[in-house]
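Chain IDs A, B, C, D and E follow the sequence of writing; residue 1 opens each chain.
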Amino acid sequence: MQYFINVTLTGLTEGMVYAAFALALVLIWRSTRIVNFAQGSMAAATTFIALALIQNGQSYWLALVVALASGFVLGAVIERVVIRPVEGGPELNAVIVALGLFVAIQAAIAIIFGSSFQSFPTPFGLEGFQVGDSRIALTPTSLYVIGSVLVVMALLVVLFRFTRVGLAMRASAFGQEVARLLGVKVGRMLTLGWALAAVVGSLAGLLIAGGEFVYPAYMDSLIVFGFVAAILGGLDSPVGAIVGGLVLGLALSYVSGYIERGSALVNVAALVILMVVLLVRPGGIFASSTARRA
Amino acid sequence: MADPRPHGSTAVTAAGGTATAPALLEVEDLTSSYGPVRALDGVTLSARAGRITAVLGANGAGKTTLLRTISGLVRSSSGRVLLGGEDITAAPVEAMVGKGMAHVPEGRGVIAELTVDENLRVGALFRGKVGRDEFDRIYDLFPRIAERRDQPAHVLSGGERQMLVIGRALLAKPRILLLDEPSLGLAPRIVAQIFGLLRQLVDTEGLSVLLVEQNARSALSVADVGVVLNLGRVVVTDSARTLMDDEDLRHAYLGF
Amino acid sequence: MAGGRGTRGKGAVGPLAQPSPTAGSTATGPRPAAPTAPTSRLEMTGISVAFGGVTALSDVSLVVEPGQVHGLIGPNGAGKTTLFNVACGLVRPSAGEMVWRGRPVRRLRPHQLAGLGISRTLQGVGLFAGMTVLENVMVGAHRHARAGFASALLALPRSDADERALRARATAALADLGAERYAGRYPGGLPYPVQKRVALARALVSEPDLLLLDEPASGLGEDEMHELGELIRTLSGRMSVLLVEHHMDLVMRVCDRITVLDSGRQISAGTPAEVQADPAVTEAYLGDDVDVAADAAALSATEGGRHHG
Amino acid sequence: MTVSDLQSSAPVAGQATEEAPTTATAAANAPSAAAAGGRTFLPRSTLLRHLLLVLVAAVAAVVLLEITDPFTNSQLATLSYYAIAAGGLTVLTGMNGQISLGHGALMAVGAYTTALFLSADEPLPLPAILLAAVVVATAVGALVGVAAARLHGPYLAGATLALAVGLPGLAIYFNEWLGGDQGLRVRAPRAPEWFEQFISTVSGNSATNTKWLAYVGAICLLITYFLLANLVRSRIGRTWRAVRDQEVAAELAGINLGAWRVLAFVVSAAAAGLAGGVLALVVRLAAPSGFTLVLSLSLLTAIVIGGLGSLLGALLGSALLVFLPPFVTDLGAGWGLDNTEAAQLAPFVYGVVLVLAMIFAPAGFVGTLRTRWLTSRAKRSAARTSRG
Amino acid sequence: ACGGGSDDGGGGGGGDAGGANEASDIGITEDSIKLGAHFPLTGVAAPGYSEIPTGAQAYYDYVNDAGGVNGRQIEYIYRDDAYNPTNTSQVVNQLVLEDEVFAIVGGLGTPTHSAVLDFLNSEGVPDLFVSSGSLLWGEDPETNPYTFGWQTDYESEGKIIGQYIADEFPDAKVGLFLQDDDFGEDGESGIREYIDDQIVAAERYTPGNTQIGPQIAALQAAGADFVVGFNVPSYTALSQLAALQLGYDPQWFYSNVGSDPTLVGSLLNNFSQGKVTDASVLDGTLTTDYLPTVDEPDNPWVQLFQEVWDASGQEGELTNYRIYGMAQAYTTVQALQAAGQNPTRDGLVEAIETAGGDWEGPVLAPFRYSADSHMGTSGMSISRITGTSTEEVLPVQLTDIGDAEITESDTEAATPPESGIPDEEPVD
């Protein structure tokens, strides 16, 4: 029983990490219709900025704020400089630009910060809570992660559902020309979308890094699982990102914990889960209605 | 039955007043191209305040391009566009609606992924806070889309989409409305209703309309002034009445 | 419906293995044999469609007699396109039945349509942007293709011959509509009426027995519309036509019978003259006595905040 | 109908756009042979024309392989498997519009099949083994294709991405059979007698194993491109493009969307399987770490940079993948960077090149050239008519 | 025998004794020797491993400054394979065919290096001192005559650990935490030779999957109070973290690969800004050694390597990875010296087979090189981590794969030569 609880809790925490990453993808998708494969590298970049500050003796919280701010700037600059020229073009071109950024930023991090392991602190404890006479796999740090992710999700839901900016961002994403004719400052909205997504991505990067090793490629495995989580939930839905992340995190934890040599099956399991869900719902769990065809 | 014009006499009075009304929108010697294709070739025209100016011409004459160039979606290679005396040739597209110009593009520019209501709200975004009642009046005008207000716009029928974009443009409360083939795909009753509505707004509210229509007959029946484009050039500008009466001209350029 | 199966190429796999009902008669030449009088009849009875809570069609019935031009009119959102979609298998009706050539058609999938001898144009144009006009039309002739995957893979002469045949068919169809000079062009930059003609050629090249036209005249000028009318009349010598259109003069001129829908229900049916005389139609659709003034008054009540510069 | 009127009334529009739409697929949209028509200097028969091209390419390949040094030979062998897989992906993504981030996994299937067959005590002849690789990969591709046929855009991307990381995981789980993380070592068959004779008569060079593998790769490449080009230029290719451009219209023309999507997947999986087989021979190993996501993404990159939808583009894009990183590394070393710095420079430059290429040549090498050419042709013909 | 005697030392200016330097084989010129290597310099495996070649480079620079080997400067080219066998095959092709190196030295990784094993052996390129403890490199010299292992293989390591547990912790319930590949497998089979019945659980993780909570929880649930990890360093940290979460506190024993106390220890100290762990979590953990490590600043080898590293002027600290690279470079220099004044590829292999077994150097146990075996060093010591340093709990044990006995080494630890550069006799 305790084993089950621990496996579940591990899955939950890990799922929230996937969800954090998925949220950033959802945000960018909703605001620019681009799947940002560079998200991981961008987040790694800001995490390294935070790390540099922390190693210089600054507090975690200051580093967090600076990282998020630099995420905002990085996202905005990237959108303006390299994404803008391919926006509205064939969608694959944006994908390739994102891949190029992914590779280039990661290489730049290695060149600037070196490619060795470095540890990244967390402001909260790493020891599980005591329940009865044993500890469970839920730590103050995991609560911090879960809490932050839920707050971000709530903010996103509010942004898109209730605010004028959210509406303008979606309009810009779906119909640039129409939105422009209606007076929406489309360029600014796209930039804002990237900037905000980079902030969320940076937060995800920091949460993931907390208490673990960082190195230039530390986000790589998350890109895959984060993307899978976002797709599972339905790329358009912030709530879906959370649900997708949790489903994935829990499922993978059970596979890993209850199948002999299950750790080797984790990637396969992700594939199977995704395929099963998409066969039933080709637009993800929280897909909006299917489009009218003629 | 085919004449949706509500008041037979309107055109006459309007045409009579054309000369005196001030030009709200002036287009001077406008030229624009798609690659090697010159779609507009030195177009000069003006749309007067409180008038409906119909731009007519065969398919491919450059009517759509004219509207797109005016609102900045296509950049002109030469010429000027003035709105109320202000040079807006180089102004960004998104500034136009704030200057009082609403452009309803050809081909049902709904944002398919947003709901009907969100589509309308996007149209009102630039105005800041807009009361619910204004939305309700648009819905009253087009009850078909009212029934669909919380559904994504992609489920709408062709004509319903057209209603949505026209309603959305009205919500912007423009000084001048650029309409690109508003009757496309609309039932005759709705066409009549919309044209009648335009006439009403022009007459009572001083709205100005630059109307591009394929359907020259019904366009002229509601318009004050007609401008005929051919191969990207203005070939005739005259009062709608005169154009209607000039059989040679109608045969030559308007196909009826 | 038989006949096609035996003529399939040896190498045919998967998608190429669809039955081709009219094989044999048309396989040899690109042009149809001398037009024979159409004999195929479409009956739709009691069709109902609901999308979520919204009823788009309820209990609609119509019959398209062989060689007839049947008009389908009605206000926007009345369900005309939806009825087409039912006839094409794009939408499953919740009730009702469709009988084609005397046989009930159930669980129709759109791609089977061409094989059944039914063609349709889309509201708008729906051309393939990345393909030349000729290729666009050649796709329409898909069901006449004989060479299978294997001969294409190995570029066997059979495949070339097949391509030549399709090409000839497509060229002929374009020529019929006077659009052959655009054969090598891409649709994107073409004048709208030309695009519409190409779309029509694509529908006609498969030599259907029933043609469904969804607003073929929208966006056309008077001249083109007139020509379209003539064309539709000519076509009816070879096939039945079901036509959705908002241009009343066209509809009245070319249709043999007309069905009028409003809010998913059939409100009138009959000859053009009968329908035109039906007050229900006038009220719901034609709108002679629309109270425009009242509508406008409703709106102008909101005009308080208008920008005046 | 009076189209003559239309034409005369719109001479400007008449010249309108001889050019293809400048989408990323600009390169893909060369009309099929029958639809293009009118080229006199090449045989009219598709078969003869393509065979002629293959012959020319084969001669060029022999010349290239014989005048270059052994290392370039080995790079060309590498190029061949990238280009084979990219050619298949061109069919899927370029012609049929289905994005796949998982072709590396299908290559893995081919590679493992090859490795397993070669590990037999008395292995089958090489062509049979490569054929087996194709068959197995095709089967897997059909399965994936069926699952993927209903998916669109990012959902398809996500599913194939999961495939890319998931499938190689099976090799780790079934380690008894598939060698686990360490993989299966491949003992590539040695060059046969006739090959040595052939080389010594052609160029007098010695027929090393590296050279032999380069030739095997080149032969597979030529066969694949011959077959793919046949498909592309046939009704099959046209149907794929129709499905890509306008689903509903295609369906109404009698095209079963699902089946044709699966067919595209199957064809591209077959190419990926062959590519995997060649990879196994050239790399001499089939191991999960050889089939990372990076491989799948590189393939996609290659076809987009080269010019989406064009086989020539796929080849050029693959060449970029193979030749750019060592070039940059050597350049870096030339500037006095140490080996580590030079190695880190390579991915950086690669990434930057991708970004710049997409900004400045959005239609890829081939697409951009094609657009240029068509535009200038349109200009010329416009000039001619205005004179006339 | 080593360390003395010969008067034309490798360290001094070369070339006057046995005649003139000649370009005796590919990669050898009158005044240079070209060596190649492949390492993951970018990507997921780069952290740590990418430091190894910098260490080797530093040592070669040091030797070159002292005149090189027989007057030849060592030119060391290492290329990036990103730990992807496909790339390995390409870069090794480049090294062999384009750069025309004399030998490949220290290529890293089991799957990566397996991709080039056949190629190097069929081309007759000496493939020295592979940086991996797989049995592939030395077990079968007949098939792979040009390939030599270097570090202690994982199976022997497992045996030594197994016997130690059997002797010292006979009542322990042992859990294994294994990387799911040949590394974990070989280690497990070695351990099981001694304490099969004590093992209560064997949990495997797949590299790349960082979620190992379930595995650690399973070890805890199985009641293991002694956990042996055959894992890479990042998983040492992850396993410590997971155990910390669960309040799981067994006796840990990490195999050599996974225990870099400086790395892991300092990391863990940092993890939580001292909030949870003020002392190293690794305190009291057991591990094995076949090389001196940076936390032994008094060790003369470490002092030598520190000097070499400082002299090289490269960025960064001296780390255990760099010591590894330098030690490997040291053995390489020994081999080159043994190959004689005008070495050939075959001569080099022969020299290692003949003399390699006697070489002394930083490694704690002798190599097993002979005509029948190309396995690397044969033994390890066991030590306990205290703070950031280690104390030996069991002196160097020697063994071999299969059912070879474990014996205690009776030789004294070697000391570095005065010059810091070996001075081996050429083998004829």
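What we mean here is this: contacts are C-beta pairs under 8 Å (C-beta built on N, C-alpha and C of every residue); 3 or more make two chains touch, one makes a residue touch a chain.
A quick note: this is a predicted structure, and the numbers were derived from the prediction, not measured.
Peer 1: Return the chains shared as contacts by subunit A and subunit B, ordered by label.
Peer 2: Common neighbours, subunit A/subunit B: C, D.
Peer 1: If every step must land on a chain the current one touches, say how few steps get you from subunit A to subunit D.
Peer 2: Counted as steps through touching chains, the separation is 1.
Peer 1: Looking at C-alpha means, what's the farthest chain from subunit B?
Peer 2: So the chain farthest away from subunit B turns out to be E.
Peer 1: By mean C-alpha coordinates, which chain is most distant from subunit C?
Peer 2: Farthest chain from subunit C, going by C-alpha centroids: E.
Peer 1: Which pair, A-C or D-E, has more C-beta contacts?
Peer 2: D-E
Peer 1: Just curious, how far off is subunit D from subunit B if you go by their C-alpha centres, in Å?
Peer 2: Once rounded, the distance between the two centres reads 49 Å.
Peer 1: Averaged over CA atoms, how far is the centre of subunit B from the centre of subunit C? Could you give it in whole Å?
Peer 2: The answer is 30 Å.
Peer 1: Compute the distance, rounded to whole Å, between the mean C-alpha positions of subunit C and subunit D.
Peer 2: Distance between chain centres: 38 Å.
Peer 1: Go ahead and note the Å separation of the Cα centroids belonging to subunit C and subunit E.
Peer 2: 75
Peer 1: At which residue positions does subunit D touch at least two other chains?
Peer 2: In subunit D, the residues touching two or more other chains are 6, 10, 13, 16-17, 19, 23, 25, 169, 172, 175, 248, 344, 346-347.
Peer 1: Counting only residues that touch at least 2 other chains, which ones in subunit C make the list?
Peer 2: Correct list: 81, 88, 90, 122-123, 126, 189, 191, 193, 223.
Peer 1: Of all residues in subunit E, which are in touch with two or more distinct other chains?
Peer 2: Residue numbers touching two or more other chains: 41-42, 50, 180, 206.
Peer 1: Looking at the whole structure, which two-chain pairs count as touching?
Peer 2: Result for touching pairs of chains: A-B, A-C, A-D, A-E, B-C, B-D, C-D, D-E.
Peer 1: Would you pull the subunit B residues touching subunit A in the complex into a rising list?
Peer 2: 71, 73, 93-98, 102-103, 105, 109-114, 118, 121-123, 125-126, 152, 154-155, 168, 172
Peer 1: For subunit D, which residues count as touching subunit B in their complex?
Peer 2: So the residues of subunit D in touch with subunit B come to 6, 9-13, 15-17, 19, 375, 378-379, 382.
Peer 1: Spell out the part of subunit B that touches subunit D in their complex, as residue ranges.
Peer 2: The contact residues of subunit B facing subunit D are 34-39, 58-60, 230-232.
Peer 1: Which of the residues in subunit A end up touching subunit C in this complex?
Peer 2: Those in contact with subunit C are residues 293-294.
Peer 1: Which residues, counting only subunit D, touch subunit C once they are in their complex?
Peer 2: Interface residues on the subunit D side: 1-7, 10, 13, 16-21, 23, 25, 28-29, 31-37, 44-47, 50, 227, 230-231, 233-236, 238-239, 241-242, 244-246, 248-257, 259-260, 262-263.
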